[in-house]
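Below is one structure, written out as structure tokens; the observations come after it.
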Amino acid sequence: MKRFPSSLIAGYRNFMSGRYTAESERYRHLADQGQKPQTLMIACCDSRAAPETIFDAGPGELFVMRNVANMVPPYEPDGNYHATSAALEFAVQALRVKDIIVMGHGRCGGIRAALDPNAEPLSPGDFIGKWMGLVSSAAEQIQGNSVMTDSERQTALERISIRNSIANLRTFPCVRILEERGKLQLHGAWFDIANGELWIMDPDSQDFSRLDI
Amino acid sequence: MKRFPSSLIAGYRNFMSGRYTAESERYRHLADQGQKPQTLMIACCDSRAAPETIFDAGPGELFVMRNVANMVPPYEPDGNYHATSAALEFAVQALRVKDIIVMGHGRCGGIRAALDPNAEPLSPGDFIGKWMGLVSSAAEQIQGNSVMTDSERQTALERISIRNSIANLRTFPCVRILEERGKLQLHGAWFDIANGELWIMDPDSQDFSRLDI
Amino acid sequence: MKRFPSSLIAGYRNFMSGRYTAESERYRHLADQGQKPQTLMIACCDSRAAPETIFDAGPGELFVMRNVANMVPPYEPDGNYHATSAALEFAVQALRVKDIIVMGHGRCGGIRAALDPNAEPLSPGDFIGKWMGLVSSAAEQIQGNSVMTDSERQTALERISIRNSIANLRTFPCVRILEERGKLQLHGAWFDIANGELWIMDPDSQDFSRLDI
Amino acid sequence: MKRFPSSLIAGYRNFMSGRYTAESERYRHLADQGQKPQTLMIACCDSRAAPETIFDAGPGELFVMRNVANMVPPYEPDGNYHATSAALEFAVQALRVKDIIVMGHGRCGGIRAALDPNAEPLSPGDFIGKWMGLVSSAAEQIQGNSVMTDSERQTALERISIRNSIANLRTFPCVRILEERGKLQLHGAWFDIANGELWIMDPDSQDFSRLDI
């Protein structure tokens, strides 16, 4: 019999008797007035890298796109379904967010698949294979590097991919125009799920450095 | 000057000094062992409908895909980039989740756009227009109804869209096969951001009814 | 042999030994002074939706018109017998009620009949068929909707019908004049017989929202 | 500002925390299975003569039609809106009730109006005037009786009207046919709102006699 997962029902009840009690006015207000999040967060689906948790964010703060390996494809107005492009367009043009953050993380399964020379398609559609093709040229280079450890290659590609995605953001005219006018800022971040560290990308050098807590 | 949003830095620090302190062992374990979430959650980007908040979920519990209006396009193995399909394939075939939940919510901006006969493209790419085309035939029927209020039409289409997405999940062979074998269950849920109510879809009648708290 | 139903005799005896004992003074007073109910309730005949039960009302409080599907026909002073119009006229002009409530409910048999494309007349007179014609244009629109479930269409039409009836109340000059002067208020309510929920219609948006208990 | 009457909201909350708590299973069952009331009650709108109160009836027991002076017009399948005929047809043909009770009561305002030679129309539509025309020939006779007190004339016409309505029930073919087959029984009752007495009509003599409690 198909029953809604009981752990989720329990979690929902915790939410309603706990956190929601303190925030109910805020939810009501946000429902009536609409959302005005300042930030678009592009993050990974990974169960260990939830933006609201990592940034202790409440309702109304973050507009969150999550896909495998937190990637942004290049601008391609070809009439097909583009989930990430649609979320981006909505956030920038309708919600008028001020900041876009591409947040990657350690131990990313999508990045691991991209680095695996023996990776088989997960299904005949090979959607992950095609999707991770967004970083294929960088992945090839990293794969060919025999002097870094697996973990170093993994972290390297996770961060290269964040930079790629930020570059792809700039292929969207609305993003480029607003960034040039100072209305929109692009940021990169990388979360180490093993120890909670957050690394922020320097916009000029594009290097990642650890944020002190 | 491009600085990482200070509110997010403050939030991250709250996380590290608060919640992370209690969960650091768990993060370490999940990093070393890998994630084994039981559930794929397909939710909306909306800042008021965060799954981890609503279900009080901790690290490792939910693999979360978020796009505008929590939609699942039909199966189309055509070699293009398909963010939602890739996340679905990864969750079902690699992570072997047991449950997929499509969670919609009230006041959804994507659904509102789909019901707006005067909607203009947000940008020349019109990504949202194309994306919301996933519910266009249902939207036309609902739009044509002159005896329901705006709010009733909105809620109706939010729920119809959840049913549509669940039907589209079944166009993916891996989903269909596993569901038939009892290895995978599909669920629908709708969160009322105004008052915290959670409505669960009955798998047989497809009607939504409110979960008691 | 035709005997008065014994269950009703038993119920009457319970009333007399129980509730009546506490209220006998009130009945005497109301008999001598006359009734001054503040509210006209227009409700359905349905055995599961009794206004006195739902509102825990005692003698003298509610003047109650009950017909199939709690409907109000439009004003038609044509000399025929008009049960609902007579009750309305009496309540407004003789009793001078302050509030009129049109209360609908879930699982309404009249509404179900209106939505049933294969409905056959219950008798050659087809009184129900004609009576439900009061909502036929709305019923046609709702019937044509193929993307809502039966239950969603049912609830939608139950609520639309309440709005229709309130609009028809305003076709009665005495109602319209008194409402404009602030002497009479019109309300809509919908009772969910399955779980006891009461939904009240917002007079401005005409949307129904659940009353907290 | 138009607010739903607070006394009714308070009454509803009493219902939900009191009676409903004990009967919630029954409501759920009746919602799922449908109603099967055995009795159609035709009663007056009067706030002092509520059938569920007088007969201590719970959900699912009584299908209740209420109009001014608890009257049944004669069978007239002319295509117009006939509230009472529609309720009767639904109760007899769809719900297949076993008993129909026409319950009148003392101090009935409609009957008083019918006996008042100086009665003016309550509104230009004169709906009450037309409606009470259902007992006009009996009313004329009683009015002309100079040796009964007002109260005796009132009670007399209340009871004559009940007999009239029962006779009118028999003009409906479905009622007549089912009564002849022993499938349906017709009853008359009269409630004295001053002292709680219930008088039952003897089906043969048509006299009313008080029920012992």
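As written, the chain order gives the labels A, B, C and D, with residue 1 at the start of each chain.
One rule holds in what follows: a residue touches a chain if its C-beta (ideal position, glycine included) is under 8 Å from a C-beta of that chain, and two chains touch if they have at least 3 such contacts.
Molecules present, by chain and UniProt name: A, B, C, D = Carbonic anhydrase.
Small disclaimer: the values here were computed from a predicted structure and weren't measured.
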Starting at chain A (Carbonic anhydrase), how many touch steps does it take at minimum to reach chain C (Carbonic anhydrase)? 2
For the two copies chain B (Carbonic anhydrase) and chain D (Carbonic anhydrase), what rotation in degrees overlays their C-alpha atoms? Round to the nearest 5. 35
Same or different: at the chain B (Carbonic anhydrase)/chain C (Carbonic anhydrase) interface, is the fraction of residue numbers used by both copies above or below half? same
When the centre of a chain is set as the mean of its C-alpha atoms, what distance in Å lies between chain B (Carbonic anhydrase) and chain D (Carbonic anhydrase)? 53
Inter-chain centre distance, chain B (Carbonic anhydrase) versus chain C (Carbonic anhydrase) - centres from mean C-alpha coordinates, in Å: 40
Report the inter-centroid distance (CA atoms only) between chain A (Carbonic anhydrase) and chain D (Carbonic anhydrase) in whole Å. 67
So what's the Cα centroid distance for chain A (Carbonic anhydrase) and chain B (Carbonic anhydrase), whole Å? 15
Flagged in chain A (Carbonic anhydrase) as touching 2+ other chains are none
Can the chain contact pattern be summarised as a line, a ring, a star, a complete graph, or none of these (other)? line
What is the complete set of touching chain pairs? A-B, B-C, C-D
Would you tell me which residues of chain D (Carbonic anhydrase) are touching chain C (Carbonic anhydrase) in their complex? 2, 4-5, 7-9, 11-20, 24, 27-28, 30-32, 34-35, 37-39, 45-48, 50, 52-68, 71, 73, 75, 77, 79-91, 93-94, 99, 101, 106-107, 109-110, 122-128, 130-134, 172-174, 185-187, 189, 193-196, 198, 200, 203, 211, 213
Contact footprint of chain B (Carbonic anhydrase) on chain C (Carbonic anhydrase) as seen in their complex: 137-138, 141-142, 144-152, 156, 159-160, 163, 205-207
